[in-house]
């Protein structure tokens, strides 16, 4: 039902946490969604806020809904706020248009899912997501 | 219950996809709504994101709700953001105020429905919608 | 992003309408969802009520959420009403637990999507869905 | 912010999957929530339906909301359907009142969180949850 396996999702989270530790980031929440926008795995590090599940998933969901990393969504939101507001509305309020939602691409460049991270700055969240995706052997598109 | 027949809706979608192919657009989602804002037909081309149903319908629904093509809604959203935010809220979050939602007018200039397209740039989405409506023998008002 | 192509979805709808015509059914709304529960195609026949999009999609969505045709969901709903009420609640109110939502299975028995039909009796809706799926060369599981 | 560590949550999921494999259960979705009802970790096994995140979390959330395993909620739902319907409504539709949501108790008998599992029968879901909690060194209360 998903071409993004649980094993891959767990490897991505492990890689993201490893990069977070290297960079000394704050506690992170990491969501891995399949290409249909559904959660495959989530982990929240000790001390991270209770809303990290929704915030991290919201970045990944937004990336998938537009087909671009959420950094691009953040640019859209600044240029045309009504665009992202409308997309979030019709999604049922499931989108966070901020960097840190990164597409997971296979060797053929196809989107197989997305990672969303929330916990530190948006730039650092995105860096950890990219590291996790690459550690699992996939290509990353942060937008 | 609707004066916009399914045959017309399918012809509009066919015409929109034909124009999309001519212009080399990305995979599109096309929603055709009747004058009451209810879906008559939808098709999503292979590779288009899972949120295209809601995004395309949101443009068409917004156009019908104001009685103007969604390009006009986008202008409203820029000038008076609270206007479109309020309209979207009272609609239950069903509006995307971005170009690409185009009214379908009969020979008497009456609104019989709207087409919404999402997948490429807003301008290209609108161009495909206009082409589909005209191919089906109706007049288009993109706003 | 979906292994259920638009061409397949359109063939299923065509087959369902053909069976509906043979059986003399009332006007139907037919939704075809991919395995992730997202709409690929929808068509509403002239004269069908405006809520057929949501009702047909709700049957298909429910089938996918449980991994069984919606006839089985209807049995669950009768035996354990709180079960289907809860599942519908956490889905955001997207489920109609009534026969007429039928899983689409490929040659390996994998679920590649679901069809939901609403318009006539539940039994007739299901019969049309099964006919459409088989006409397109797939196997059907109504529950 | 939570006394239920991520390490514990991961150990619980690992233990639940191990019991699922022993019993030959269908693919499972496992949510671990802290005492505040917020997600600490989730994993969905390959082949499990896309709604397993919400269904598993809904069982655990319901257990925490009442302070009893969700088997007890199911009994409430049968005896007084309006009770669980009302509780689900005021929760924003976040409760599934079916067995398989199990409280996690520390040595002092305090509730430190809950596990919810969805994928097989309710009884089997609950058995896997209990096994996971005990494997991690905590006591389980399924209701």
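Read from first to last, the chains carry the letters A, B, C and D; within each, the first residue is number 1.
Here, a residue touches a chain if its C-beta (ideal position, glycine included) is under 8 Å from a C-beta of that chain, and two chains touch if they have at least 3 such contacts.
Keep in mind that what you see is a predicted model, and the values were worked out from it rather than measured.
Applying the document's contact definition, name the chain pair with more C-beta pairs in contact, A-B or A-C.
If we tally the C-beta pairs in contact for A-B and A-C, the bigger total goes to A-B.
Let me have the rounded angstrom distance from the C-alpha centre of subunit B over to the C-alpha centre of subunit D, please.
43
From the C-alpha centre of subunit A to that of subunit B, how far is it in Å?
Roughly 30 Å separates the two chain centres.
Just how far, in Å, is the C-alpha centre of subunit C from the one of subunit A?
31
Hunt down the residues of subunit C that sit against at least two other chains at once, touch-wise.
1-2, 34-38, 92
What topology does the chain contact graph adopt: line, ring, star, complete, or other?
Shape of the chain contacts: other, as it matches none of the listed patterns.
Which residues of subunit C touch subunit A in the complex?
Per the stated touch rule, the residues are 1-2, 34-38, 92, 110-111.
Can you tell me which positions in subunit B touch subunit A when the two form their complex?
Going through subunit B, the ones touching subunit A are 49-51, 54-55, 57-58, 62, 74, 77-78, 81, 84-85, 88, 93-98.
Under the definition above, what is the set of subunit A residues touching subunit B in their complex?
35-37, 64-67, 80-83, 85-87, 89-93
Give the list of subunit D residues in touch with subunit A in this complex.
Subunit D residues touching subunit A: 1-2, 5-6, 9-10, 34, 36, 38-51, 53.
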